[in-house]
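Across the two complexes that follow, chain A remains constant while its partner is chain B and subsequently chain C.
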Partner chain A sequence: MIRAGAAVRPLLDRGAPSWGPSARGRNADGAAYVAPAMLLIVSCLYLPSVYAFFYSLFDIRLLGTTHFVGLANYVFLGGDPELLAIIGRSAGFTACAVVLAIATALGVALWIHTLGRFAAMLCQILVVVPWVISPIVGALLFRWVFVNQIGLGLYALQRLGLRGFDPLSSPFSGMAVLIAFACWRTVGFATILLLAGLKGIPKDFYEAASVDGASALQKLWSITLPQLRTPMLITLVILTLSNLNTVEAPLVVTGGGPNLATDILPLDLYQRAFAQYDFNSAVAMGVGMFAANIALALIYVRLVGRNA
Partner chain B sequence: MSWKRLMTAIIMAVILACTPRIGWTQTLRMWTMLDPNGKDPREIALKKIIGQFEAANPGVTITVEPQIWDQMTTKFLAANQAGTAPDITWVNVPTLPQVVKAGALANLDDYFMKNWTARDVADLDDVFWQFSFQGNGHYGIAHSRAYAGLIYRIDLLQQAGINPDQLRSWPGLIAAAKKLTVRDAAGNVTRWGLGQAYLIDKPIEPLAFSMILEAQKHLLDDQCRADWANPVGLNAMTAQLDMVREDKITPPGAVSLNVEDLYDQFAAGRAAIIRGTSVRVPKMIGLLGADKVGFTGTPSFAGDTFSPSGVGGWYVGAWSKGKYIALAAKFIEAMSSPQSDRIWSMEAGAAPNRKSTVAENATWFAEPAHAYLAAASKLISGYSWLPPKNCAVYGWSEALNGAAQAILTGGAEPAAALRRAAEQFDRQNRLQ
Partner chain C sequence: MRRRNGWRLLRHLGMSIGLALATVVNLSPLVWGVLASVRPETQLLTYPPRLLDFTFTLDNYRQVLEGAFLRAMANTACYATASVLIGLLLGTLAAFAFCRLPLRGGAAMFLLVVASIPLASGAAALIVPNYLYFTFLGLTNHWFTLPLIYISSATPMTIWIIKGAMEAVPRELDEAAHVDGASRLMVFSRIVLPLCLPGLGAAGLFIFIHAWNEFVAGSVMVDTESLRPVQVMVYQFIGFFSRDWGALTASATLAMAPVVLLYGLFGRLMISGLTVGSVKG
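Let's turn to the complex of A and B:
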């Protein structure tokens, strides 16, 4: 006969029911639950990446391995006189787009945080629309606004007296348009993340600061920003990954021009593979970009772990 | 006993009902950018031709799997490696040598072309036909053939008192475009005389391309390397860009335009003449009317003829490892029959493949609304250029446009820009 106390004791001692599975068993159960998802991720993401790396060691001009060339494709890619400029442009574009998006999102989130429930919901819907619509559709809309001669944006600029201004015709303004597009597309997503962070800050902090006579700017600097560190870091990494891999933005909005001013890594990879049929260097570039993405993902995981 | 007989009869009936399907049904998969369920005239034509073929070949079904056009050839090469390619595919014209080299297409001479008479061959013989011969046979028949020329507004030329024949020479084109460029009271251009596109993405052969070909008869050297970083190329590029800088008939914004933008600008009345392809003329006619849209070739220095220009299109071929190659070849032949050619050209507005189609329907092709088809067919036969068959190279338009951009927006020296474009072209095609 089993006594009630004997059954309860282990539960109290170890914090887990004795009739449940052991730690090893629970791990096995957990592994079984995540196995289908992991299998899908491995087969859809990692296996093709391994396959791509394998292929990058061969001459694959006809999309079939002809002969082993070792690292020749990487050497060829590294010898491209444009490569450094492309990497520099990509880094500049990503940095500007991310910083601008987060700064804008912070302002928008702070403003929405002060609104009433209905107005806040309406504003959130409005700002998140560019993120949820198809990137291609968004890019096409953006291009139509700025494409010279028939764009609504240019028409408005002309009415304002800026005659002859064509933002897609100069390298500097072309990149500015691309950054503006990236910012427009991602600011809603960043706003939602930051807004969630803002809602998690206890009101007591602000009340205590008010009692101490802190100004609004001091509250922002000493309470809001430190408390938003984790959501801001997460937003930063996600947006960096998003912008580093965007092909639809430069492909549709600027076409990489003018004078290669907006030719960034994903577009260059796309052009190599699908316009120039240069799969050797395209695969090598793809593997390099995959490695960069993995590195950023690792940073993301570490940041989340450290700030959790 | 009677129960057993009934069951046996039912089973036999089921087997008999299924047997013809198992034995006779053959499904051919086809990759093309056309969707037979779409509303584009070429899509409607494809649906009609498939229907006719299926009716003539009971048990055969053609299943179209529409593809994104600029990724289709690459995807086909990948599917060839994976063993999952379709029985029939459309291959972008300049990529044919590479696809044949990959062993992905069947030699159509082995199926139906070997039975063709000299008259059949002569009916199709043009630059596309010759380019489809790769070493030991023909590997596809060209469809949706496009010719890069000039699309112009007939009504605007008439209003300005310009004869379209004037567009045959470069000075004539420039003079006409100057007349057609309109400015408002404030000096803003409301309509440009000549629309050009210098963007690298979605390019069309630039005017300098034709100037180079007319002057030196080739664009590539014997090793398939770019041969435009020379005085001929310099003159051509200078003449092309002077249309922006000196003549002011083309907007400086051409550096940010692709060929799709040109069609939009033409349709919106913002450009009187544009560099465009013949396949887009029906669309322009649909938007503006047949009495307003004309098509002609690229001007020449000689002035009494046209300069060579680029052609594009799709070779329809059979997958070399398909299960039903003979049947696929039969469909490809049917797609190009005299009857189908009439459907493609007279119903879908595509440039006719066969000379006989134009000859037998001369009155129809002479009508103003269809004149562009006869013009395109004539231009393809007489004034077109494709790279030598041993040259599996791409990107000449992109390279020349890159040079134009570097000069116009980057302030590069024209000679240096052309040299850099040539080096980049050679490098990307692994010719250095």
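Let's turn to the complex of A and C:
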């Protein structure tokens, strides 16, 4: 039976075809289509953390729970003298890596935006390669070229007069190498996100500004940057999440060293759980990080909704 | 007129230099890594480093392939292929319902999907909960363990990419087909699906690369060597070969080859897929 135009059109169903059986039957139908995917998302992305939260209220021995201890695991983790230092390092690492990557990406995106279609696509493809290859392989190759004593990077530094420089000899340079790696890996991705944002800015804005006699710098400052606000914030959230959750980068590039200088949250959590088998504090840490991720995800949802 | 030409020349020059610089900085680890993998041990240590002046050898690859590396590559290929097939099926069905079928609570459910995109990328925060939960359910260390995890973490993005593609298909087409007597299944399979093939391709590529590159879950959720994925194998080589950079770069080259190949072929599609999830609403 065709009942064209008579359909109720709720938020997401704008213009949905109004054919099919009764409204009730159609509802059930849509639910059947989304059920497998939703079930999988809820049971494999959300339930584990709910389970882990309850688990974290017990004392864990050999992966079995013994007795209810309330928040003792969290108190224990909070009492870890290293914890504040780890959080501080992670915050510093993430902030530096994200800001540097976005600043670089903004420059690259503005430049690519001036190119012709073909050159622009080619540049995008080249620039995003480090994001596409696996973090393990990327980190290994990055180490081979920039950290290793016989690598190209140190050779170039030597040619520039900096002899006997070992990136892993001081805490500062170790962190710098880790930040450089994070930038290398994420800058291309940030570039294509910002570029997509640039493409969305209406051309009339620039034409109107030209008529008013605005300089290129004024256009950048008063049109491009304000218009890029939401894409930049989205990029910020995605890169923050990515860097807060990268186990591979510190594990392979610096190994957490020298002297724990690059032992950031994700690596610490991973080693706590799977090298030291200290699940009591690892679960508490994991639940805490999940909460932080949820907060970032909510910001992301708001930003994306604003951009829609 | 002459000034204009000069300006254009300058822009072309700037473009070429910029392109060259971006390529060198961005791709030097890859190129230098691949070049290291095909030279003999002794020539890795030459100083100053020589770019192209070396004897070509496949010894490093032979050394890598002697062990269980090929098996790990095959494992990951199976995991990734299964993830793509099932992920696309689930994602397409859900996306179709979200944009074409009336669905009670659809808006709320879709919000959950969107929130799951960044959440699913939070590998470190998820790993301990996942490990405990999967251990509790007895789901670790099976052939289906890793595909299950890969599909569930890629599904939110898959839904979004495909839904974006489906929304671009005009609804008038569905209705016209329906007036001509097509069933809903026919509209779906003959009209909507063929028109959003690029979206399906982008989503499929995304799932494949996600599954191929995953390390953290692969390193703790399966224990048996016959189930080990390739990224974990590469990581174990770092401890095993230590400073034998020839073997290490050879294993890295092998482990990135399929992704680089796919990316080279479908880079454009991949980029459209990557942007869809974060910029278009």
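In this section, the second predicted complex is superposed on the first by the 271 of 308 C-alpha atoms of A that agree within 3 Å, B and C clash if a C-alpha of one lies under 4 Å from a C-alpha of the other, contacts with A are read in each partner's own complex, and residues count from 1 in each chain.
Rule of thumb we're sticking to: a residue touches a chain if its C-beta (ideal position, glycine included) is under 8 Å from a C-beta of that chain, and two chains touch if they have at least 3 such contacts.
Computed from a prediction, not measured in an experiment: that's the story for all the values here.
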| item | value |
| --- | --- |
| Superposition on chain A - do chain B and chain C clash or fit | clash |
| Partner chain in contact with A:I41 - chain B first, chain C second, else both or neither | second |
| Chain B versus chain C as contact partner of A:N259, first or second or both or neither | first |
| First, second, both or neither for A:Q227, with chain B first and chain C second | neither |
| Broader residue contact with chain A after superposition on the shared chain, chain B or chain C | C |
| First (chain B), second (chain C), both or neither touched by A:D80 | first |
| Partner chain(s) touched by A:F274 [first = chain B, second = chain C, both, neither] | both |
| Partner chain in contact with A:L168 - chain B first, chain C second, else both or neither | first |
| Stretch of chain C, among 148-156, 184-192 or 220-228, that runs into chain B once the two complexes are superposed | 220-228 |
| Chain B/chain C common contact set on chain A | 63, 148, 150, 251, 273-274 |
| List of chain B residues in touch with chain A within their complex | 70-71, 74, 77-78, 80-81, 95, 98, 101-102, 186-188, 192, 198-202, 251-253, 255-258, 261, 264-265, 268, 270, 394-395, 398, 402, 405-406, 408-410, 424, 427-430 |
| Residues of chain A that touch chain C when the two form their complex | 2, 4, 7-8, 10-13, 15-17, 19-20, 23, 26-27, 29-31, 33-34, 36-38, 40-45, 47-49, 51-52, 55, 63, 108, 111, 114-115, 119, 121-130, 132-138, 140-142, 144-146, 148, 150-152, 155, 184, 188-189, 192-193, 196-197, 200, 231, 234-235, 237-238, 241-242, 244-248, 251-252, 265-266, 269-270, 273-274, 279, 282-283, 285-287, 289-290, 292-294, 296-298, 300-301, 304-305, 307-308 |
| Contacting residues of chain C [partner chain A, same complex] | 11, 15, 18-19, 22-23, 25-30, 32-33, 36, 44-45, 47-49, 90-91, 93-94, 96-104, 106-107, 109-136, 148-149, 151-153, 155-156, 159, 171, 174-175, 178-179, 184, 187, 209, 212-216, 219-220, 231, 234-235, 238, 245, 248-249, 252, 255-256, 259-260, 263, 267-268, 270-271, 274-275, 278-281 |
| Residue ranges of chain A in contact with chain B within the complex | 61-64, 80, 82, 147-150, 158, 163, 166, 168-171, 174, 251, 254-261, 271-278, 280 |
